[in-house]
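Shared between the two complexes below is subunit A, which pairs with subunit B and subunit C, respectively.
Let's turn to the complex of A and B:
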């Protein structure tokens, strides 16, 4: 069972990675300036009040001691209590995670579609003005960062031609029949396409802002590897069999050319998830990233720790999925 | 006698500079005949095969001529029709078996795809045909090989598969483009014998591109000699080896090492011969320019 062994090995590395992430985050947020307790008390609080509150949250103990207490809790599913929101961190994070997952996956789908279409069209029309145009568009999309795309999109589709919603995840006064936080998925499953439309209208711009830089990278790399693949002997041999250009690109070249792109998508998707932090803020999208910024502003140490751990978990999960897909698509690895 | 493949005045040139790579080449291969196409590297011998099959690189184009396959001039067909016509009536045995099979597709699909997609056969019939052909090229356990990926097979096996695939649709014409150059010497002879035997059994017209006169003497009935895109000799194998008409052909023949005394027989083509043949090329070029 090669697959099982791979997964087990990966889980072991993941555990080590998470531990490292936890230690670094735990120490760093306690060492940098900024006092969570000071944020909670009125200016006229006495030194005794401050000490009492510090003890309540355990900040009077040494950092290693605090880490052990927190770590013990985490192993038992207790990520502590948010200082600013006064609720269990785990519940808060799990409540927001689906929103960010839906946004990231939507952005990824958009990036793959846009980049894929750009690469395929560029390959089909190679050597023409169409390809040159695609190269220019790729360059532009790549050199503008996601948050700047967000601002541009807000001006474009929010202000000049207001066709999409610019703020929030869903229109606030709508009655939501949902039992999970996966609104988009659930709206489709419940056949409430009116809600799906509303959710998509909110999601479109932040997702596109996140997708554009990634789409450009995918488009460029995939086009490059398609171009190289199109010169290979087996592609030429297929042409002599009577197949046209479309078949040659899609069935012969693409399955081989896509492999390097796939690895890249894995790496870049984690960057995209990182990008949600600012982009969600920009669009007031109620996801994990937006919550992370609030947590940092409020010096909400337990919440920051919880969010970082979840992001770290997400990244390793993405890498695992990419490796599995790679093995599934590449017969040379599968039989190795 | 009118051949199955008839090339008339074919010129192929670089798109940007207009420099000709094939200079008004005419060539005829009779149905069922095996014709060798020989020349040095860069003489344009592979280019002829590519022009026939419609797989010229994008940097070059056909600037004049006709390529008749049976009773149609391929160069006058619209692209889609031309592809179908070539796919149904001609096939290629490529040079390097290691790169000529798609690494991510199983062998079976790569042998049957033309039969199913281009010729419209039922899948079951195409698979039966593929099994039959794989057995014919002496592949052990064809059913297992059909399910294999290229990287699981040796170079010799892969070349056998490519030969089987070329013959699968019973094409009238097969172009073998240096089919043994990339193989081990020990395997070369087997593959050569196999191609000759398959050609004889199926009665296929075969255009054999090679730089090896030894190969020509074993499998071909006639041959054409190219130098710098110019056809310098077009003769039967018997006549060629008895008395080559062109000085370049004679020099080429003399340059072939003999197994009895390999060192003594290594004779480079003399400069006088090269100058003479270059002058011919230049004359052809001037004539062609003047005609335009």
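Let's turn to the complex of A and C:
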């Protein structure tokens, strides 16, 4: 009962947040000087042309009116029509979203693996040079953002030792048998591992660039929690029973130390998704973020609005899931 | 087994940590001082005119490659402009953005955080709701959108950074101000009849200042990156002003023909961002009473 009330309250604040995002994007791209229609048309367009187009996209109405029309459409699944691509926004966004989701999840998996290994190794070798080395690596990985890691990886694995692809999502002349946009998932399901390899070779560097800062944060926090747990009485008890250090860390300390890290991963995952915008651009990866930058450059108002709302939905959904998982995992919150 | 006696390991480790911290502060501070000098002395120390184009000497490799032309230490880009001179002049834009945008963001964000965390009530509800909404935007997209709207230029970049990043300070300082507000010294100041606005500025602010300073240093690094990202998507300052991000964007395109056009500005950017964050962390640890 209480859980249900918490969920409803969270949904209400989420709705307010989404509404706020919608209002801000809508106003920001309209209030400021600059006529989107004039930018769309060639310089020799007549005033009549401009008026016709303005009416077509509804820009002749007042901003509150435009917002209501747009909001009504969104609630009915109609996000308007892209100006530059002349297609429904929803279809365009849904066509690109899977690429971004696959990239983000891949990056998350890499971050958890790298961070987890760093934390466990650091705990196993605590007080030694190995731990000091891991600390320094974490510090560097954490302070340098995904954009710079992407550029460094391009030089390392794209130019110096060219083992990975530095541009695109898949080699262009490949024949793709896919029916959905989840290429990676589908290539595995169809057992087309040649395509999986090609997709991974394109995805490796952008995903690693996104993963490195998060891996460092995970590694640092998890190691800290593990080291604190290692001093608790029940862990000492396990050790006096004669269990080895690996067993103590993995079986006894880890389950208790992991909760703060899980919460952190949830919050940081939204930052990671936000990072896809520039990293996709850097690697010419055909995802939502890359399309968003083109939309801004082309002043494609309906498309910008649609993409920002989808990102905001994604962020709030991730936060919601994290909060629920945390409530379900933490017995103290469950019965509070 | 030293590891079974936690206290000893901690004490041992602490001395090592302190030595490492000192080195970190010196190294990062040294690099930042070098960049600052380069920015200040750019007209006198840059070996070439950073804007001078010479298509005959385009894509010259750096000095250690045989048969390159002397005078272009780090090579030239596709238009024959000197890479080293452009990096030196690019330091100006980077540092102006870092200091102005960083300071403004820190001031506005911390002020809102202090108000929300200490006064609570409707101010806190309003500010926290705004932070929630801001956190639902992908920041890079938000920045690009703002620049598209404000028009390119140094001023636009600074405004965009402040508008987007104030939440970083507001969130952290709000939490710190809440912690401080619950402490005895604040309660006693209230009992003594001190006005709440003065308590906030004279009692709480000094105690959250180390955090603000560390975050400020971090924010300066972030500002440099934001400028580079905006230059990279071609939305920063006019194209004839040398910026590290603009150089990187050019270098990314011709990376297979002339790697040095990408690598050298990238190294400058990498070290500067890393130094800002390490310098901030180092300062914070200096101020941290537990480590001191």
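Definition applied: the second predicted complex is superposed on the first by the 313 of 336 C-alpha atoms of A that agree within 3 Å, B and C clash if a C-alpha of one lies under 4 Å from a C-alpha of the other, contacts with A are read in each partner's own complex, and residues count from 1 in each chain.
Heads up, the rule we're going with is that a residue touches a chain if its C-beta (ideal position, glycine included) is under 8 Å from a C-beta of that chain, and two chains touch if they have at least 3 such contacts.
Since we're looking at a predicted model, the values are computed, not measured.
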(request) Return first, second, both or neither, reflecting whether A:28 touches subunit B, subunit C, both chains, or no partner chain. (result) second
(request) Kindly classify A:222 by the partners it touches after superposition: subunit B alone (first), subunit C alone (second), both, or neither? (result) neither
(message) Tell me the contact category for A:184 with respect to subunit B and subunit C: first, second, both or neither.
(response) neither
(request) Would you check which partner chain A:240 touches, where first means subunit B only, second means subunit C only, and both and neither mean what they say? (result) first
(message) For A:232, using the defined touch cut-off, is the partner it touches subunit B, subunit C, both, or neither? Pick first, second, both or neither.
(response) first
(message) Contact-wise, after the overlay, does A:106 reach subunit B, subunit C, both or neither (first, second, both, neither)?
(response) neither
(request) Answer with first, second, both or neither: which of subunit B and subunit C does A:252 touch in the superposed model? (result) first
(message) According to the stated criteria, A:329 is in contact with first (subunit B), second (subunit C), both, or neither; which is it?
(response) first
(message) Counting residues of subunit A touched by each partner, does subunit B or subunit C come out ahead?
(response) C
(request) Check the residue A:127 against both partner chains and state whether it touches subunit B (first), subunit C (second), both, or neither. (result) both
(message) Identify the residues of subunit A that lie in both the subunit B contact region and the subunit C contact region.
(response) 127
(request) In the complex, go through subunit C and note every residue touching subunit A. (result) 2-3, 6, 9, 12-13, 16, 20, 129-130, 132-133, 135-141, 144-146, 148-150, 218, 221-222, 225, 228-229, 232-233, 235, 248, 252, 255-256, 259, 262-263, 266, 269-270, 273-274, 277-278, 281
(message) Could you list, by residue number, the parts of subunit A that touch subunit B in their complex?
(response) 127, 232-234, 236-244, 247, 252, 255-256, 329-332, 335
(message) Give the list of subunit A residues in touch with subunit C in this complex.
(response) 13, 16-18, 20-21, 24-25, 28-29, 32, 34, 126-127, 132, 139-140, 142-145, 147-148, 151-152, 154-155, 158-159, 231, 270, 273-278, 281-282, 289, 292-293, 296-297, 299, 304, 307-308, 311-312, 315-316
(request) Can you check the complex and tell me which residues of subunit B touch subunit A? (result) 53-55, 58, 80, 83-84, 86-88, 90-92, 94-96, 99-105, 113-114, 117-118, 149, 151-152, 162
